[in-house]
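Below is a structure I'd like to ask you about.
Chain IDs A, B, C, D, E and F follow the sequence of writing; residue 1 opens each chain.
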Amino acid sequence: MLTSATIDRVVSAALEEDAPWGDVTSETLIPADAVATASLVAREGGVFSGGAVFAAAFRLVDARTRVELLLADGDRFEAGTALATVTGPARSVLTAERVGLNFVQRMSGIATLTAAYVAEVAHTGARIADTRKTTPGLRAFERHAVVSGGGHNHRFSLSDAVMAKDNHLAVLAASGVPLTQALQEALARLPHTTHVEVEVDRLDQIDDVLAAGVGTIMLDNFSIEDLRRGVEQIAGRAVVDASGGVTLATVREIAETGVDVISVGALTHAARGLDLGLDIDLRLPDPV
Amino acid sequence: MLTSATIDRVVSAALEEDAPWGDVTSETLIPADAVATASLVAREGGVFSGGAVFAAAFRLVDARTRVELLLADGDRFEAGTALATVTGPARSVLTAERVGLNFVQRMSGIATLTAAYVAEVAHTGARIADTRKTTPGLRAFERHAVVSGGGHNHRFSLSDAVMAKDNHLAVLAASGVPLTQALQEALARLPHTTHVEVEVDRLDQIDDVLAAGVGTIMLDNFSIEDLRRGVEQIAGRAVVDASGGVTLATVREIAETGVDVISVGALTHAARGLDLGLDIDLRLPDPV
Amino acid sequence: MLTSATIDRVVSAALEEDAPWGDVTSETLIPADAVATASLVAREGGVFSGGAVFAAAFRLVDARTRVELLLADGDRFEAGTALATVTGPARSVLTAERVGLNFVQRMSGIATLTAAYVAEVAHTGARIADTRKTTPGLRAFERHAVVSGGGHNHRFSLSDAVMAKDNHLAVLAASGVPLTQALQEALARLPHTTHVEVEVDRLDQIDDVLAAGVGTIMLDNFSIEDLRRGVEQIAGRAVVDASGGVTLATVREIAETGVDVISVGALTHAARGLDLGLDIDLRLPDPV
Amino acid sequence: MLTSATIDRVVSAALEEDAPWGDVTSETLIPADAVATASLVAREGGVFSGGAVFAAAFRLVDARTRVELLLADGDRFEAGTALATVTGPARSVLTAERVGLNFVQRMSGIATLTAAYVAEVAHTGARIADTRKTTPGLRAFERHAVVSGGGHNHRFSLSDAVMAKDNHLAVLAASGVPLTQALQEALARLPHTTHVEVEVDRLDQIDDVLAAGVGTIMLDNFSIEDLRRGVEQIAGRAVVDASGGVTLATVREIAETGVDVISVGALTHAARGLDLGLDIDLRLPDPV
Amino acid sequence: MLTSATIDRVVSAALEEDAPWGDVTSETLIPADAVATASLVAREGGVFSGGAVFAAAFRLVDARTRVELLLADGDRFEAGTALATVTGPARSVLTAERVGLNFVQRMSGIATLTAAYVAEVAHTGARIADTRKTTPGLRAFERHAVVSGGGHNHRFSLSDAVMAKDNHLAVLAASGVPLTQALQEALARLPHTTHVEVEVDRLDQIDDVLAAGVGTIMLDNFSIEDLRRGVEQIAGRAVVDASGGVTLATVREIAETGVDVISVGALTHAARGLDLGLDIDLRLPDPV
Amino acid sequence: MLTSATIDRVVSAALEEDAPWGDVTSETLIPADAVATASLVAREGGVFSGGAVFAAAFRLVDARTRVELLLADGDRFEAGTALATVTGPARSVLTAERVGLNFVQRMSGIATLTAAYVAEVAHTGARIADTRKTTPGLRAFERHAVVSGGGHNHRFSLSDAVMAKDNHLAVLAASGVPLTQALQEALARLPHTTHVEVEVDRLDQIDDVLAAGVGTIMLDNFSIEDLRRGVEQIAGRAVVDASGGVTLATVREIAETGVDVISVGALTHAARGLDLGLDIDLRLPDPV
């Protein structure tokens, strides 16, 4: 899970974006001493993710608010379930509401969509993985949500694993050295902990790449038939990663080809925020 | 448009997220002295937005890269159009590629979706507006994209306009003072530049709110029939803002009720990234 | 009110500026286990503002300090009143003292000066408003202080309201289109929540501007006589904002012309820090 | 002078505060291709300070703007003098105007006020020094301005020099060890580069402090007569620093007592911004 | 290589630490219009690293300075070699000198020490790798320096590879499930790109770990004899990583046992800064 | 001591560097509800420094962890001593371990090395001082550690004291004015709190510098014999600071020459991290 240091940095910035000089509505219309008790309630079913981030939004608006999480990240819930409770000064609860919801809706939305993909392939050995198509600034949060949904993470960044694509292979090809050898020589410069994945567009590229000893071969935009052939050809000598426009409608068939990993950009870039709401009960101070 | 100060801060953070300790793939496979010439090409038609942000990504990876924008934000383009050119050290161009694309795809996607909504209502007097349902940290960028698409911005944050909702009205109602009077008294505390919008759920709430002299009345989740009645009832005495689950399928009918503004959360939270790609031409140094 | 996120960011930076590598005086002269009890005491009367910011200074030097606020922001006090109490390790209390005082003196000074202006115009319908002539980095704090003093805020920034001045009008005038029409066309591009204020230098500019339907007309550097004429001419069709070198000596007369708003740059750029002091009672550990 | 790193950090933050999502006025009313040529002109005479900071504001809004400084920091000028020229896209020049002016007005105001104090004491050996009563976040800028005006800086922060006051002396006094000895023992723990200044409230405190070998004795809130006696008593064995409510009306008499340094909090906390303006000449693109 | 965004952020912070309110020595003693030409000269031989970081220090003090790098990172040099030239205002060159040198000395020191280790094992198949024992805040810079010296990087952080140690294995052991099976089940939850390394303290742990299919086995603090046995036992089925108090005196013998990787914390935590100096030639302006 | 604001900023950045997207090992292998009790134990004797920084690492990973410090900074300890205890969720304790240790090992290493130097000169009047050869970003932490070890700090930065070296003197010499006079004139521009130290390379430079009234003369790279002569020649009229390649082997002899300060760059740039370890006791939840 993310450190408090990371969560506080990102949520503070979001709050300063959404309330740079306070919340004029609440300050104008809500008495300073009104108190709110609120429930985070699911308007639809799904998978929970982002509890600690939701809680941070309220604490970082006002240290006097209290958030109790009723579910853990990764828990499934039905529509109508209370996911967390919040209490505190009413103005502060209203000020933090949208930022807190934005994060937990987005993260639970990703977790829920991921879970749907995972369910489609549960009868196979394939795993569902995310991609780098995440929101700038929020990658660690969105990756966490994928795991909450039962998915797996792919490489986090350009720094932590190799993903060689057409441009990279073209450069090796132009070197005059046979591809397998060129690739081997290049990969020897990498950290021994760096996984190497190579993307191929055609079946006839596989053997040269495989001979170089790479960890994963990504079959990009292959037909179902070619995926099956690719799996056979690779025959367990590398992880097989299928990618390219995968949807909920196609993922099952892809998984049944025997691939090991299915990379789904849609998990993060196409997930919609889950419909979660904050039911707020305001208590006004007694008139004197 | 955003200042360079803002663009550089946000894009720098995105680059540090995506390449915290460099791009292992390019550094391993691409010679240090290879040069790249690249075109940002539209794989589908749309409306351009985010040119300056795209350019910043390359400059902030490596000050030696050069980006020329061929379109201005807000320009329409067909599939196949070249939108910008990039030249520079091949490793740096490849390192910046994903972050640059992420921003310009997201922003052009929002602009394009906005333009679709705008086109649906062009024969009416209604304008299409965004909401606060934006990505944490990217609100200024996403709002800019809405304008590129011909849409209008709504309030930016909790700080710059009042949006009174059920909770706020309930507090006023509980005060024992008639709603109109309570609202008037509260609003007198606001800056004279602060616009006041009040959300109502039923037609019978309109008169009390209107009497308080608010600037905009938001009709939330009204039927088409009730929207029409609301417009009649308000009769030009306030701006009428329709909101609640607006889609491309329903926006035309809503606009035709005579409302002034249609707030569409989907512009930012449901836009998909536009399909833009970077066609890269690598030139290797001559062998000696 | 400002979020904790904002207060902590700004106060942390101030502390790092004032004690980048500690407080050599206290560390040299005060035993590590000495304890301080301190009172924030008014050396002169005024209006309180900045309590939460004062408290943050002590907490961010040392989490073991405790601050109790005895007044709320906006409360009036006489010379000699205790405004807050602080307890904690003596070194930490002494280290935080100046930064804590800097903020609360500045903010209470602004609140107190604002209250003086407000008192001058209390018998009229005019409100006292701040301007953008604030200290770089502290605008949200200074605006909060103006409200503590009974004043109103003007627009916060270049982003949240239009203020068209001579340069802007000159551009419209040069377009060949009549000013009213040019203004109307331009303003139609704005968010419906964006208030439009236009500054005029002469009475004869008012009609064209008014015809465009703007929200506020600023009468800049008008004589008392011309202010009175301007109010008559505008006749309630726009808010009237008087500005230009307003002082405590002139504000009453200006208010009596019937203007709605008086913008006073002096509230923030000419307020002096209020004379508040920290009376510290040090308790040394018993000798063993 | 400040590094570019410092200037850019502080000015970027100021710009993001003043135009968090752009400048709605300029974007609405000024054509994107209009060009501005502007002069920074003195509306009153004074001493220039902050040229590099002024220039940074325009560059950080838009890298295409160009600023030429016509005076160096510390130069004197008459009303009507052009201090700098700016050229660039008109929208960007207008967006940066207020932030650029805020800094240069504040800094030149401090430099000018400092120069007035310095002129009062020019016939004596006394120097005018600033204090820590600076604006949070802007201390380095304000200190630079004091030097531009011919003043001297005092210690920058709690970290770089000792300033022992009543509380500190009281602790030493309570230790049971004679003050001189207690002070000597404590000061021996300091860096050899750390200057020690001790504030005294009465003449009878001087001898004990002096015997401890301190660098400077601050005579706080002394009468003119007592200042003269203090100077005689100290007799060159320490720097003599006079402080406490010094004004332009009293500074000459204080200087003539023979003190070495006069600490004037007013230099920074009571300086008003100098009246500098930006005369802008907009050139519209030719109609096609 | 690191992005400009990363280099500028870290070097700016270092400059603000070393010259928070300017360089009093240069500003006092060097005329503002003096110009400096300087050479970065090696006082001892070594391997260069950090050229771009060195250059940034001068640019971020003053954009008018120019740095030309005469060597590329990774190049070897003898004592007396000029590595870079700097020209610019003399004050700025002197202000940036120490921060620029600090980085390039530290990075070249690490590169040079790494090269010494690499030379010791060049006749074997072993590679020299760094560890996480880096300086807080400078890991990316220090890792880059290791590569400049011909070494390899190990995992960057806790996030990008698994390193299971005694505590982790103890937990698995306590689960009641056989270690191999427990490890397999746990590892199945990881990203397919995440390399798994397990640290063992005794030869008898190897088989269980190996059976779980891990990528690397770290033999921690093994005797030379046990390293040799470990290599035989593993027999190419996993990468073998030797660690624990490796020194220049012992690394050759360790490499000759046949291990694949030797992790050397000393590369970063025990490297001394290389002796590089800036020879400065000041040119004073002609007297008028 | 450093403020919480400074500690939290630096430690948060270190944690984000070491665990940018969590700790994959602990999250994979340790149950979420396992609890850890840990002791920070000395593997070798030394002097403690950095307790508050160590504690912050755990708190900033997870606010539920608790750290109790058993020693104060500056306390001596033997091998085997427990220095602090930590309790909290096991995953969080393991995640924070390396960053917490990195700081406390580095700081205690500096304190311990400093104490060794101090012990060598304890029979003399000389003090051991640090230099600016510190780690970029960590200077305040490393200086604090020097004090923990009984050493003294030298100037912190370029901003807080003058250190004139050969380049500066050469400029003065070139001015045509006698050095003493040129130096006096220049120094008169400094704050009265700014200590002036001048570095000389030869005995014959001393008199001119001394005549200008400087605070400290640094004898740089002098032989023992020349140091003794320098001390005699200066005769108490300035602090004498010896510097240049001082080691534990030479420091005693240097101190016995009668110098006042010995500046030792090695305190910070050559200290090795002290061998401190975290003994962790994991408690797994009971099986249900």
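By our rule, a contact is a pair of C-beta atoms (placed from the backbone, for glycine too) under 8 Å apart; a residue touches a chain by one contact, two chains touch by 3 or more.
Please read all numbers here as calculations on a predicted model, not as lab measurements.
Visitor: By mean C-alpha coordinates, which chain is most distant from chain F?
Guide: Chain B.
Visitor: If contact pairs are compared by residue number, which of A-C, B-C or A-B agrees with D-E in over half of them?
Guide: Most of the D-E contacts reappear at A-C.
Visitor: Over half of the interface residue numbers used by both chain C and chain F, so same, or under half, so different?
Guide: Comparing the two copies, chain C and chain F contact each other through largely different residue numbers, since under half are shared.
Visitor: With chain centres defined as C-alpha means, what is the inter-centre distance between chain B and chain E in Å?
Guide: Roughly 42 Å separates the two chain centres.
Visitor: In whole angstrom, how far does the Cα centroid of chain D sit from the Cα centroid of chain F?
Guide: Centres of chain D and chain F (C-alpha means) sit 31 Å apart.
Visitor: Please compute the C-alpha centroid of chain A, do the same for chain D, then give the distance between them in whole Å.
Guide: Each chain's C-alpha centroid was found; their separation is 50 Å.
Visitor: Scan chain D for residues touching two or more other chains and write them down.
Guide: 11, 19-22, 95, 139, 156, 159-161, 189-191, 194
Visitor: Hey, which residues of chain B end up touching chain D in the complex?
Guide: So the residues of chain B in touch with chain D come to 1-6, 8-9, 72, 139-140, 143-144, 156.
Visitor: Contact residues on chain E for chain D in the complex?
Guide: Chain E residues touching chain D: 11-12, 15-16, 19-22, 27, 32, 59-63, 91, 95.
Visitor: Going by the contact rule set out above, which residues of chain F touch chain D in the complex?
Guide: 127, 129, 152-156, 159-161, 189-195, 197, 215-216, 239, 241, 260-261
Visitor: Can you list the chain A residues touching chain B in their complex?
Guide: Residues in contact with chain B: 10-11, 13-14, 17-26, 28-31, 34, 90, 94-95, 98-99, 102-103, 132-133, 135-139, 157-164, 167-168, 170-172, 174-176, 186-187, 189-191, 194, 269-270, 272-273, 280, 282, 284, 287.
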